[in-house]
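The structures come next, written out as structure tokens.
The two complexes that follow have chain A in common; it is paired with chain B in the first and with chain C in the second.
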Partner chain A sequence: MDSSATVMLAIFVPFIFALLVPFVSKILKQHIGWYAVAVATATVLLILKILPTIIHGETIYGEIMWLPTAGLKFNIYADGLSILIGLLASGIGVIIMTYSIGYMSTKEDLPRYYQYLLLFMGSMIGMVFSANTIQLFIFWELTSITSFILIGYWNDKPESIYGATKALVLTAVGGLVMLAGFLLLQVITGTFDIPTILQDDSMIKAIHGHELFFITLLLIFIGAAAKSAQGPFYIWLPNAMEAPTPVSAFLHSATMVKAGIYLVARMHPIFAGTDAWFILVSGTGMITMVAAGFLAFRQTDIKAILAYSTISQLAYVMTMYGYTTYHEPGIGVAAATFHLVNHATFKACLFLVAGIVAHEAATRDIRKLGGLRKDMPLTFIIACIGALAMAGLPPFNGFLSKEMFYESSLEMGEALGSPFTLLIPAIAIMGGVLTFAYSIKLIDGIFLGKRQTKGLPEHIHDPPAVMLIPAAFLAALVVLFGLVPSIPIHNIVEPTTAGILLEEVELHIKMWHGFTTPLMMTVITFIIGFGIYTKYDAIAAWQDRFNLKYPKISVNYYYDQMVNNAKTNARKISSITQPGTIKTYVSALIFTMIMLVGIPIILLGADIIPQSLNFDIAIYEVLIMLFMVIAGIAAALLPAYLPAIIALSALGYLVSLLFIYLKAPDLALTQILVETLSTIIFLLVIVKIPQKFKEHIPTTTLVRDLIIAGAVASTVFILIVNATQGIIPPFESLSHYFIENSLTLAGGKNVVNVIIVDFRGYDTLGEISVLCLAAFGVYNLIHSRGDKT
Partner chain B sequence: MNSTFLSLTIALLFGIGTFLILRRDIVKVIIGLGILSHAVNVLIVSTGIFDGTRVPILPGSHNDAGTTGSVFNDNLAEGILSPVVQAGTHMDYVDPLVQALVLTAIVISLATTAFILILAYRIHEEYGTTDIRELRRLWG
Partner chain C sequence: MTTLITKTITKICLPLVILFSISLLLAGHNNPGGGFIGGVMFASIIALVYVVFGLKYTATFFNPDWSKWFAFGILLACVTAFAAIPLGYNFFRSAVEFIDLPLIGELELVSAALFDVGVYFVVIGTLLFIFKNVGDDK
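Take a look at the complex of A and B:
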């Protein structure tokens, strides 16, 4: 099997098997989780199969024509970058699904849970391997939608609904803004294909010089920032923590939030090397990094602390991808990529620990937790590894990438010159200090100190193996990547960096690299970090007081205002336009119809009643029409049902007579049959409905309705006499084809019949379907009566 | 050009149908819908007299000279029907396509009428009334 087919398979396997979940779950019952694990494992293996090709420095491209006439194709592009995120999505997927088997109670709706996890995984893989921006956008929004469903998994909790809606509103709207950016990119380059742009230097130069450059970059970056919870868009991520913990670990720390990072990295070769890129990406990153790290102090829910730390850590990565100068477009790319990998491992690990703690201690409130190290020693060790890696302590992988972060910050500061030489490293240290403080808080708050008894179960112990092993596996990776960094560096970071920078790279990373400036910075970080940690609770209390005092200084405040306004205004508008009474709807329709006829006639300056009217009429015609009007009036005025229905049916038969004069014999026959049938149905129903209600029409209503009816009648009359005036110039009617070919092509002389059964046979099929549906409807309505007889 | 009297008849049926749709009794509303669909069908068919007045049945060996039986004799309504495009094309048949469309419409209106009627019957069974305003009150 060639590599592009493998990639396609990796995209479609999760989707196809996700659709099979409802059927498989009938057989496997509560063991459906293992099925999901198997599917995810198969996906990992498929992606691993192409990894050697990518490590060799090759890229993979493949396409399937989708809509050839519109030039649409489904095409895939695999390089180091897409492999990295693809491996994260599928690999962490395996771990999370295994963990879920222990975490999710068997009473939950498991098929739905695993089905959406698999769908999410497929969307994520589809997104990273998309070779064109439109396809990327579709998968991008699919991840938003599956995330929405998974956050709102416990859909009876209002907090879940609020969190899910918030995530969907912000990420999906961000996605739409991004689509606008993609369209502008197409305007500039003339193509939607990403590899075409990447492989064409002249095209990238053209983009840099184009007047739409900044707005394109801004729109695409807004999409990325919304997805990765950067800048003001961060607010959705803390609320997304209402999801089951494995979902938070999977979507909201390891994979989906990395989609924005992925996009920034993917666009790096196109936009980097400009001031705009640095200011936008690194600027947003630095502000978010410090602000989110600071806000984490206030949180009492351990998952919320992790959410803010995720925002802050992603901001590290964002900042590093933003480091760029004209001569050296990718100062921080390798460091960013390495940190991306490391963050995925230690943060997912910490989330799993948070889930274990919540599962065993029945609370996630850090104020209630404490001193659990003796109750759950294994969990304690795993948590320490994860948190210390996040804090940036050796010998864990977080230390290495933080060193690289400091190093690239120094380099960037030097490249920009004073005052940035000191400013950028200082901001970086600030981010590191805050990270250090809340990382320590996690260990201290949950595991160290006195064993809390109030509000905690008496017996707390380590979880079952199915929950412990996934977390332990991630912790092992944290240590392994720290001690032997060449494994991730050679296998994934180097190919990814090569994919972003479009050139071969070789990295050398060691745990000990002498007394360098970054090491000094790390030491400074730890010292200040400890200092800050002693004041941790004081800072948190100050934040609480500030928030109470100035509730309006908060992004959430404006989001809530906007959503509430939208809701109230929508309610106001719909209470006007949708009052629920038929009269209002009918009046609106009638008014529109009158306007549609009246305005053109007035604008065209035509006579309302044309001069030349055809008053020729045969005497039998007069009789038929007279009877029709009489029957109609009788149907309207006769108060009892039965006479009115008889009048209606008389009108129907008169219409069939009229059809004969209008040269429509087939219609006349059909009308007679249909009229007979509908009269029978009418009578059958009327027998069952005793006429208890007799409407008494008040004079004002009568006058008003008569005016409406009169207006309709006159409008229709004006319409007909004007339309049949011959104002339309002669043209070749469509019907001529049918008349000419009826005999030769279909072998029938009755052209109407031939059209019905042959030329427009599919219309008739549709008509039969309508009849079937109506029959089903009638049958079900009658049988929906239940036992009330 | 349509006969003015025909146009007037169609217009009146539209008016009557509209008046009935505005009633409070569901059964009356359904009758109004029936009248409206008759009016629409006749209107569409009458526009088919566009560039000819002959019944759209091709002449063949069974019926020579274009006459297809006494009832559908093409001379029957001569005079009151006059084509809009006088000899604009060589076709002198009534437009068969609008007839095919209306044929479909007639059958579908049977289906919808049946469905709506049963719906009204079930509403009456559940709520004991056919008054729309009363139903609205019951639904809240």
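Take a look at the complex of A and C:
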């Protein structure tokens, strides 16, 4: 099996096996979790199979054509970056699904749970290996949708529904904005294929110089920021914590939120090296990093603290990917990639710990928790490893990547010159300080201090092995990556960085690298962090007071305003555009028609009544016309419904008579039949309402209606008179084509019918579909009338 | 309207009109007619039956679900339209075949005629579905 087939298999395996879940669950019952673990493991192995090729410095490309005439194909591209996120998605997937076996009660709807987890995993893997932007977008939105379903897994809880909706609204809308960006990128480059752009230096230069450069970058970045909860879009992530904890650990810390980061990294070679990239990506990152770290203080739910810390940590990565100058476009890329890996390990680990604590202590409120170190010693150790790695303490992996963060911040500040030389490292330290403080709070609040008794079960103990081992495994990775960084660096960070920078990369990272400036910054971070931690509760209380005093200074406030008032606003607008009275619709329709007919006639400068009119009319025509006029007037003037309708249908029959005279049997036949049926239906309706025109029509209304009717009549008259004269000479009648070809091409002599069923068959299909819809419409109109709500 | 005369005439007309509507449908490809006209013709005679004998009474011996008719019709139309694709032709490609039958002579088989049958059923179904619902309304 060649490598590209392996990648395709890795994409489709989760999807196919997810579809089989309902059937398999009939056999396996509550053990369905092991099935999901097996599928995820198979996916990991498939991706690992191509890892050596990637480490070797090669990339993999493969495609399947599926609509060649439209140039549509399913194609995949694998480089270090896609392997990294693909491995995270599948590897963490295995861990999470194993953990879920212990976490999820067997009374839950397990098939649905594992099915969507697998679907999510497949979408994520599909996204990272997509070689064209449209395919990437489809998988991207699939991850949003599966995330929506998983956040709302407990769909009887209003908080879950709120959280799920919020996540969907923000990430899916962000995705649509991103699609607009992709379309602009296509306008600039003429291709949707990512590798084509990446491998063409002249194309990248053309993008940089293009007038649409900034708007394209902005649109794509909004999509990425919405997905990774950066900038003002952060608000969905804390609410997404309503999902079951394994889902939060999987989607909302380790994988899905990394999709935005992935996109930024993927677009790095295309857009980086410009001021706009630095300002947009790093700027958003730095603001988010500090703001989210700060906001974490007032959270009382341990999952919410983790959510804010995820936002802040992702902002680290974002900031580092944003560090760029013209001469050195990828200052922070290696550091960002390493931190991405590290964050996935320690944050997923912490989420699993949060799940364990919530599972055993039956609460996630940090005010109620405390002193659990003796009750659950193993969990305590794992939590310490995770939290200290996040805080950036040696010898854990978080320490290394934070040192790299400081180093690249210094470098970026250096490159920009004063005042940034100090400003950027200072912001970086600020982020580190806040991270340090809430990381310590997590350990202190849950495990240290006095054993709380109020609101906690008496006997709390370590969880079963199936929950403990996944968390312990992640903690072991945290230590391993910290002590022997060359394992992740060589196997995944270097290929990824090479994939982003499009050149060979060699990194040397050691735990001890002498008394350098980054080390000094770390020491400063710990000192200030400790100082801030002593004021932790005071700061949180101040935040609460501030929020109470100024509720409007919050993104959530505007989101709620927008969403809650959507209904009222929509109703306001629709009451203008859709007033509900038929009169308005008809007037609008007629006005449009008059405009559409009148303006071209005036613009074409033709005489309103052509000079060369043929007044030679046969006596039959005159007679029929005369009767038609009489019937028309009668229909308008007769004082009761029944005679008026009869007059109207008489008019219809006269028209069919005219058709016969004009040698159009098809039309005549149709006209007679339709006239008959519509008269009958009309009568059926009309017999149910009072039989006299009781209402008096005011003169003004009468005059207005007469003007409208007169305008329509004269417009149609002018149109027809001009049409028969051929006012637009270059247009040849289409009918010649049909008359000539109906027998040879369609084997029919009745041209009218051949047009309907063959030449314009597509139209007819549409028309009969509309007819069916009309039937349903009538049905609904009649049956929905009774219950006005 | 339910005089003996109309009742008798309706009874006589019913089979004739139905046959005529079918002949209109089948003749449509080469002579005046077609699925739409045939369908409306069929619908009008059934409507006449409904009017003359009343919906309730008619329902005791003849009560088809008209929505199924138009569902079938649209399905048939779609199938004929899409059938060309698996055979390697473009969407909506029509096939013509001439067959020599003993006694009857040359018979022309056109796949477009099958599409026309779909139209026929859709027209009958929708018209009578609407008719029945409007008429049944209290």
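Keep in mind that, in the parts below, the second predicted complex is superposed on the first by the 568 of 789 C-alpha atoms of A that agree within 3 Å, B and C clash if a C-alpha of one lies under 4 Å from a C-alpha of the other, contacts with A are read in each partner's own complex, and residues count from 1 in each chain.
The rule is short, and it goes like this: a contact is a pair of C-beta atoms (placed from the backbone, for glycine too) under 8 Å apart; a residue touches a chain by one contact, two chains touch by 3 or more.
Since this is a predicted model, take the numbers as computed values, not measurements.
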Note to self: Applying the document's definition of touch, where does A:Ser574 land relative to chain B and chain C: first, second, both, or neither?
What the structure shows: neither
Margin query: Let me test your reading of the model: by the given contact rule, A:Thr676 touches which partner, first (chain B), second (chain C), both or neither?
Written below: second
Notebook entry, point to check: Given the touch rule stated above, what does A:Ala774 touch, chain B (first), chain C (second), both, or neither?
Noted result: both
Checklist line | chain B versus chain C as contact partner of A:Gly632, first or second or both or neither | finding: first
Next item on the list: Could you say whether A:Gly747 touches chain B, chain C, both of them, or neither, answering first, second, both or neither?
Entry: second
Notebook entry, point to check: Touching A:Ile708, do we find chain B (first), chain C (second), both, or neither?
Noted result: first
Next item on the list: Kindly classify A:Asp763 by the partners it touches after superposition: chain B alone (first), chain C alone (second), both, or neither?
Entry: first
Next item on the list: Could you tell me if A:Asp666 is touching chain B, chain C, both of them or neither one (first, second, both, neither)?
Entry: both
Next item on the list: Scan A:Ser735 for contacts with chain B and chain C and give back first, second, both or neither.
Entry: first
Next item on the list: Could you let me know whether more residues of chain A are touched by chain B or by chain C?
Entry: B
Checklist line | chain B and chain C footprints on chain A, overlapping residues | finding: 665-666, 670, 674, 677, 681, 685, 688, 749-750, 752, 756, 764, 771, 774-775, 778, 782
Next item on the list: Write out the stretch or stretches of chain A touching chain B in their complex.
Entry: 580-583, 586, 590, 612-618, 621-622, 625, 628-629, 632-633, 635-636, 641, 644-645, 648, 651-652, 655, 658-667, 670-671, 674, 677-678, 681-682, 685-686, 688-689, 691-695, 705-706, 708-710, 712-714, 716-717, 720-721, 723-726, 728, 730, 732-736, 738-739, 742-743, 749-752, 755-756, 760, 763-764, 767, 770-771, 773-775, 777-778, 781-782, 784-785
Item checked: Residues of chain B touching chain A in the complex -> 1-25, 27-29, 31-32, 34-35, 38-39, 41-43, 45-51, 53-60, 68, 71-72, 74, 76-77, 79-82, 84-85, 88-89, 91, 93-100, 102-104, 106-115, 117-122, 124-125, 128-134, 136
Note to self: Which residues of chain C touch chain A once you look at their complex with the stated criterion?
What the structure shows: 24, 28-37, 40-41, 43-44, 47, 51, 67, 70-71, 73-74, 77-78, 81, 91-92, 94, 96, 108, 110, 112-113, 115-116, 118-119, 122-123, 125-127, 129-131, 133-135, 137
Checklist line | Partner chain C, residues of chain A touching it in the complex | finding: 665-666, 669-670, 673-674, 676-677, 680-681, 684-685, 688, 746-750, 752-754, 756-758, 761-762, 764-765, 768-769, 771-772, 774-775, 778-779, 782-783
